[in-house]
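The structure appears right after this line, and notes come after that.
Here the chain labels run A, B and C in written order, and each chain numbers its own residues starting at 1.
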Amino acid sequence: MASIRCVRLMRCMQNLLLLPRKTINICPVFHRSYRRGLRGYLKELYERRLKAGPEPERHPSELGIWNHDAELFAFGKRFGEEFDENLLKRAFVQRNYITKEEAKRKELGIDLTTVPLGLVDNDDLAKKGEEIASRYVKAYLRYSYPHMFEEGICAIHDFLMSHQTLLHIGMNIGLRELIMSAEYPPNEQAYILTLKAVIGALAVSQNVERAEIFVRDIIIPQLIGKDVNELWEVVNPMGLLKAMLASEGRGPPEPRLLWHSASATVMSLYHVGLYSDKQLIGKSPGETVTIAEEMAARNALKNLMQTTDSRAPLTLGAKARKIKLDYNTRNRSIKDLLNENVEERVYGTEI
Amino acid sequence: MAHARVLQWATMARTWWVFDAYRQCPFKSSSKIAHYLIGKHKPIYDPLSDIGDHVVVINSKYISMPNDYWRVYKYFHHTGYPGGFSETAAWRLHEVDPTKVIEKAVYFYLPKNLLRRGRMRRLHIFPEEQVPTEILTNVSDQIQQVQPVPKRLDEYTQEEIESFPKLFDWPEDFILQSGFKKAESLMSESKKAEAGGKKTETGGKKAETIQSGGKKEAPKTGSKKTENPQTGSKKTENPQTGTKKAEPQTGTKKAEPQIEKADSKKTGKKH
Amino acid sequence: MVFLTSFLARRFPLPRAPDKQDNFWRKSMWLRISSKFYGRKRNCFGLAIVPGWRALRYSTRARKLKKENMKNLWEIRLNAACNEHSMEYHTFMTSLAQADIGLNRKVLTDLAIYEPRTFQSLVQFAKQRQLEVGLESSTIDSPHGIFHRGLPNKS
């Protein structure tokens, strides 16, 4: 027992101590003598490490291998963008960093009025970046899903601009060491703010179009592999479908049982199809007839909004350079649809 | 996520199939049924996943054994004690439980692993066409039969028989093979029957032994069957042999096989 | 056996050599292999060593077996997928190969499971090709009045 525990300890130890393999060379061949004491030595190191606890996470600057300006320059180049040096620097400065620095100087007795800190936080840039991103995302989604309701577009937009999505992006584009924050590693909000501020800084450094391309390349691809219909929760799909069909002057949806199996068991399966004017507009399986009918309604909505599973992929990359977005027009919303129907009804009764 | 959920539900759902075993070879059928019980007809098949379907087998009473398997095919058992060996002929087992032959065959064809018993639970065998409603409502599809259902001679209309192309008539006293006699005697023509009975008295006794010992075929409609002229009188006496019928006749001019058997007599007595 | 140098002597370690060197590292090597075994043969070196050898033999053999097993599994799945569209597996594969469609069994299986419509169009292609080649009999539809689902045409 003792021996196997030792083996595991040794392996863990190698990783924990960050020792190169050579240090724990267990092959006795290349040594002049056999290292009889090696095992005990490593065991002792391991126990000490356990006692001391894990290494605290430290910024590379504390290790003395950090050049902030060079890293900032590299950050911009990694995205193929030309940033204004000062603006980009500003984009990474958090408010709590400034307060911390000021407090530090006060402690040292430095007068802040005579020797100003000269730091501005990234809030303004973040605000600007968020506006640009939000505006572009909506316009892009309207371009990609022209038949989708405005409510759906807003839901997808909210997903893309959500805390979770932006945090995921921020944590994976190399902001961690660059963010100038009071604590390290920076908190979640710092990642999000910095990501937005980088977009804002790019817009100011070059132009808004360039920032929008950045948004398209970095934020929009988070939709890949996602079902956009699932991002928007339709409460009453059958009601919406009825309203849609009515506004198009088509007959109301009629559910029909297409196929079923094991209907007398708990593992039952039903396939329900929806017909309008004897045309199949949607179908779906389900555990019960009710579920299948509701899912068929959702499927019909997908077909009408042209957001089926077999839809064309998003226009990204080189192809997206040609697209021209309209920032002003909005898609049809459900409210408009319901109002139309009411008007029609009122109009019809008057006649 | 509801969309993905129902799609998965539909993918993993167990379909219920019905298989009509009327005049089907139990071994070929079982191999096919096992295929569905294992789930090998699905693209998502995996040997370790339990994704097989349900199969409802009807008319298992009317299966057709190949050759003379009813008599020859044996089921063995050993209690584990000295002298505990016993064997049962297929016809005997079928008489005791008409679902047993097909059940044992399917059990044999299923892979011998831990999923086997669970798969057998999804096999529902019924001797007749009558199936409980709660099972029948589940069924949504049918498995193709493994062989065409042969038509019995008595199922042909007189017109069809007469219009069947015939090159020549057999002579009255022509014997095709030892123990076989011409098919015409099968027809319910009393004259010929009487004549046949007079001709071969021993043949009648042989036929009797077959009827009691080796069950050749379980007919669907016992009442409709043509009576064997030679043993017609004795059948009514023996209730066991009341529904027995000889090998199905596929052609009009084929002779009825009468299997002479001293062995069959033995087996008959044994059980 | 005479070893001229200590180097060579270490290259041929005897399993239970009564040498005074530290056996720890050699044992730990085998115990690493046996770390997932069940029972005492996981931690007791004397019991672990033989199953350890056997495990290595199995892993050698399994490298080949895995490929065969996966091929068989894909063939079963593809057979089922083809039968759903009344197509024979071998006809399907031959048609694709003749048309220089370089999809292997694995990809076709994935298509059949996750993209059934794509797979269906491939089957349609194969059927059309059979027609063009002149093997209509393999793609003739069932006679009128015969309903089947997921069954190959045998008529």
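Note that a residue touches a chain if its C-beta (ideal position, glycine included) is under 8 Å from a C-beta of that chain, and two chains touch if they have at least 3 such contacts.
All values derive from a computational prediction rather than experimental measurement.
Taken as a contact graph, the chains are fully connected, with every chain touching every other chain.
Chain centroids computed from C-alpha atoms place C closest to the centre of all protein C-alpha atoms shown.
For the pairs B-C and A-B, the count of C-beta pairs in contact is higher at A-B. Inter-chain centre distance (subunit A to subunit C, centres taken as mean C-alpha positions): 37 Å. Work out the mean CA point of subunit B and of subunit C, and you get 41 Å between them. Separating the CA-averaged centres of subunit A and subunit B is a span of 65 Å.
Touching two or more other chains at once are residues 141 of subunit B.
In the complex of the two chains, the subunit A residues touching subunit B come out as 227, 229-230, 259-265, 267, 269, 271, 284-287, 291-292, 295, 298-299. Across the complex, subunit B meets subunit A through its residues 1-4, 6-7, 9-10, 13-16, 54, 134-135, 137-138, 140-141. Within the complex formed with subunit A, the residues of subunit C that make contact are 7, 10-11, 21-22, 24-25, 27-28, 31-32, 35, 42-43, 45, 117. The touching residues of subunit A, when paired with subunit C in their complex, are 1, 3-4, 6-7, 10, 26, 28-29, 34-36, 38-39, 310.
The touching residues of subunit B, counted against subunit C in their complex, run 40-47, 141-144.
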